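Going in written order, the chains are labelled A, B and C, and every chain counts its residues from 1.
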Amino acid sequence: MKPTIGLCCKTWLAAALLTSLGVQADTLRIGVAGPVTGPVAQYGDMQKIGAMMAIDRINAAGGVNGMTLEGVIYDDACDPKQAVAVANRIVNDDIRHVIGHLCSSSTEPASDIYEEEGVMMITAASTSPGITEKGYELIFRTIGLDSLQGSLAAAYIRDHVQPQRLAVIHDKQQYGEGLATTVRDLLAQAGTEAVMFEGVTPGDKDFSALIAKLKRNNVDFVYYGGYHPELGLILRQSREKGFDAAFMGPEGVVNSDLAAIAGDAMEGVLATAPKSFDQSPDNAALVDAFKARDEDPSGPFVFPAYTAIQVMTQAIEATGETDPYALASYLRSTRFETTIGEIGFDAKGDLTEPTFQVYRLHADGSKTALD
Amino acid sequence: MQRALFPALFAAGVTFLLTCLVIGVKLVQGGPTLTVVGADADTWSWIAFAVVIVFLVQLLKEPLLGLKQRLPMPDVTGLLPDEQLRNRLKPWLIALIVVGLFVWPFMVSRGAVDLATLTLIYVMLGLGLNIVVGFAGLLDLGYVAFYAVGAYTYALLSEYYGLSFWVCLPIAGLLAATFGCILGFPVLRLRGDYLAIVTLGFGEIIRILLNNWTNVTGGPNGIGGIDKPTLFGLEFNRRASEGAQTFHAFFGIQYDSSYKVIFLYLVAVLLVLLTIYIINRIQRMPIGRAWEALREDEIACRSLGLNPTVIKLSAFTLGASFAGFAGCFFAARQGFISPESFTFIESAIILAIVVLGGMGSQLGVILAAIAMTILPELAREFQEYRMLMFGGVMVLMMLWRPQGLLPMKRPHLELKAS
Amino acid sequence: MHETTLYVLQQLINGLTIGSTYALIAIGYTMVYGIIGMINFAHGEVYMIGTYTAFITIIGLLTMGVGSLPIVLLLALITAVIIASTYGYAVERVAYRPLRGGPRLIPLITAIGMSIFLQNYIRLAQGSRDLAMPVLISGGIEFGDPAVFEVSISWMQLIIWGVTLVAMTALALFISRSRLGRACRACAQDLKMTNLLGIDTNRIIALTFIIGAALAAVAGVLLGLYYGTINPYIGFMAGLKAFTAAVLGGIGSIPGAMLGGLILGVTEALTAAFFPSEYKDVVAFSLLVLILLFRPTGLLGKPEVEKV
């Protein structure tokens, strides 16, 4: 009995809603879910400006199949608990296309709900391999995986650095530890065993004990899996304590703030990072558009987020429908021309080509690409 | 007025000092160099405005207070029906609320039901901690540890042994209770604030261990793909997993994704009602009375032959077991758990719920849990000011009603003349 | 010297440095607790605000072209102490004083609320990014055999020890010799009686908040210079560690806070030296639990006699 009442109410509500929205029926709403608040809000901002720029430019060019796009921002504060609430709200708001979430730990519980409820999600930032491993149909990403980055780093270390005494340090977080483990294991297979493998506490400021230990172990090369605040401090304090090994990190450390924290000690640090799409001549006009809006296009998630919208709309244009399942099968079957180059998706929903490259970082915040 | 001039000037000066450097000047990181820039004229005029307001309020404090006292306060108590009628209406009211709880999810949106489920988790946590803090008067800052134990119990048992939610629920409660007992035994002889810091430390230890024990708990990756509860074996998914049947197929109705959310909500309601019932009963038993007696006067209790260690331990263990149930349910609702859901701030929020509700009062705790989970959601409009407001409201609420929303009423008898 | 000895020596030096700053922050917890028996959870945020003020002053003065480093640092220290003390005072006045005399848990909740508020207030005003300033004081002494293990003490570490020593001595003298210090001690013994003797206890309580905040600001300036980076979230962990140090030493006891800070710092450094450093917090908290089990009032805490 009860469900019937509920259903009646729902149908009535839905009908009322539809009539009220009748005027705007040719608007396609796209959810943009990520942290607007909380400690990683600045990364959420990168995703937001990328997605919003794409939406505005596509609308300016006449929209998609006569529909105007509308970006709806949702804040999950990178908190897994709130991510579930946000996902439920998105389903509730009848939005069927989502860009996000940002942090892997939020994306993971949210993608369960999207898959179940038939919502298409493209994340432009979550790099944890676990997300696409469950065989989801509607979950995609426009950014490379941690594991790809790790194998790239390991190959570079093996071929070009050939360290005598290697240490692998990580920050005990999903992203950092995953990368560090990949690098350690791949190098061990290649015959270079790490003399040290240990974690630090994120948010910690004092690494003097760790550095003394590195010094004692005569380490000459350190791979750090984690983000820039901790690596910056490790570099800065290493310089002070006269510890001068070479360092390498993942894309999480490539940030202009690293130069500010580490100072001169940053010169020569190696890092794997997504190709700098804002440096690509093809994107010059787009970079100018960002600059005209006083936005910074250099963040690592700006162009992947832009691409996510691009891919979605190209698929809608080609298939002529907005049904997530139709779009998903189209995404898997086609290659796309995007701001991050020509891309395609594999069966799991991951990019088929790696988008990372090894860079050498400089103290003035710039970086040069290595082959 | 003149007497108030000096304090008013002082308060204005303090306000200026508080704001001038921190808001009036901003550190800007432009690439590798750090620079300071003064805020724009707008910000400075806001600072000036704040200083003037503080000055005026302090200066005119006495007249303002006088004015407030002269305002007629509406007499609310007169509006309530008299006590006998209230007592007669009470069971009906409760019945109405319970029926309402079961009916309303079918009327509202999926998001609201989901939020209500989250609220109910906090209600459960608040009620559990209320036993420890409100009844027994033990300050526990590491309550989240037991919540984590419950959540991980279900996640691990379902991942490694494929046990279902309903089997794991009692196990989670028992295991959390065991942890409470093990921790409680040595630390309960500590006095008030030492107990607080030890429990806080314990909470952190559990979280760090979960984070570092990567082989079993998945470390920072957490555990994903945790099954949702089933209704006597019926699943609420679109497609049934192997050897199982779905709810909609069994009843031959069309699949609707909101059934799952509503079912989770109903399970939460049942758990909360059960919690309330159990705690209500225990509160009236000798052990419940002993908790409160111990809180009021430990020495008197000892003189009367009560064993404080056993009494405290029972409160601690029982409180922990409810956190275990809540944790188990949380893992089921979330489908994915990782150590970052069990940080100190979570303990602080649960404690805030208990204190805000008026320690010891069950209805108060429920209201406070609703306020604490709904408020940040409502304040979403304010985006980045949300947490600022949350902190501010927490302070203001306590200043406004230090005894809590609904302070506990102790059973009492009144002798009436005539 | 033997290699292990040198290594342990280096870790002791690191541990004492971080320990002295824990001790400076712990004073604020312990003094407030000693007098009104409440845990001021917002104290860590006051430390954070002190660090921000120091950064603003230093960068501001350097941009203005004040070249002399000692003057810049001194001015930064003074500004940080003034602003942080004002915050300490204001927090007490707004969030704790109106609740005095009520149940003890209530101010604890306002303190947690205040802590969330201040953290987000700074985040909104100054942004949530990590801010970094260039190394101002570099270099140090190195000794030991470079072939075996070289122990280094940076000037900054020496400055931290020196300033902590001076601040602690000043505090000890103030508490034991001055009139106000005597009033503080009287308040700690018996608040009501002190009030009856004609001492304005509200003023003394405000004073303890100011002293605690000032010392936290000193720690903030030192650590700001030592690490060179800040964000609005540093207050929480620093506060938690300092609070642990205060309890370890026996909350309410000022020498206890100093001792507790040093022990905690050294324990952390030695743990990180011989075990994976991710376990250093676990060891720190376990040490606390152990000490409390055998000495339930902390190392130097007085056993309290329960009165009816």
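The definition used in the following text is that a contact is a pair of C-beta atoms (placed from the backbone, for glycine too) under 8 Å apart; a residue touches a chain by one contact, two chains touch by 3 or more.
What you see is a predicted model; the values in this text were computed from it and never measured.
Asker: Computing the C-alpha centre of each chain, which chain sits at the greatest distance from chain C?
Answerer: A
Asker: What chain lies closest to the overall centre, CA atoms only?
Answerer: Central by C-alpha mean position: chain B.
Asker: How many angstrom lie between the CA centroids of chain B and chain C, rounded to a whole number?
Answerer: A distance of 30 Å separates the two centres.
Asker: Chain A to chain C: how many Å between their CA centres?
Answerer: Result: the chain centres lie 38 Å from each other.
Asker: In whole angstrom, how far does the Cα centroid of chain A sit from the Cα centroid of chain B?
Answerer: The computed centroid separation for chain A versus chain B comes out at 33 Å.
Asker: Any chance you could list the residues of chain C touching two or more other chains?
Answerer: Touching at least two other chains: 129, 131-134, 278, 281.
Asker: For chain A, which residues are shared contacts with two or more other chains?
Answerer: In chain A, the residues touching two or more other chains are 41, 172, 199, 257, 260, 263.
Asker: Residue numbers in chain B touching 2 or more other chains?
Answerer: Residues 29, 33-34, 211-212, 384, 387 of chain B each touch two or more of the other chains.
Asker: Under the definition above, what is the set of chain C residues touching chain B in their complex?
Answerer: So the residues of chain C in touch with chain B come to 33, 37, 39, 49, 52-53, 55-57, 59-60, 63, 79, 82-83, 86-87, 89-90, 94-95, 98-99, 102-106, 108-110, 112-122, 124-127, 129, 131-134, 236, 240, 243-244, 247, 251, 278-279, 281-282, 285-286, 288-289, 292-293, 296-298, 304, 306, 308.
Asker: For chain B, which residues are in contact with chain A within the complex?
Answerer: Touching chain A from chain B are residues 29, 31-34, 102-103, 105-107, 109-111, 114-115, 118, 211-212, 214, 219-222, 224-225, 237-238, 253, 256-262, 333-338, 340-341, 377, 380, 383-384, 386-387.
Asker: Given the complex with chain A, which residues does chain C contribute to the contact?
Answerer: Those residues of chain C that touch chain A are 3, 7, 10-11, 14-15, 17-18, 128-135, 138, 140, 142, 149-150, 152, 154, 156, 223, 227-229, 231, 233-234, 237, 268-269, 272-273, 276-278, 280-281.
Asker: With touch defined as at the start, can you tell me which chain A residues reach chain C in the complex?
Answerer: It comes out as residues 38-39, 41-42, 172, 198-201, 203-206, 208-210, 212-213, 215-216, 228-229, 232-233, 236-237, 240-242, 257, 260-261, 263.
Asker: Given the complex with chain B, which residues does chain A contribute to the contact?
Answerer: Residues 2-3, 5-7, 9-10, 36-37, 41, 75, 79-81, 84-85, 88-89, 91-93, 105, 108-109, 112-113, 116-117, 128, 130, 134, 172-174, 177-178, 199, 256-257, 259-260, 263, 363-365.
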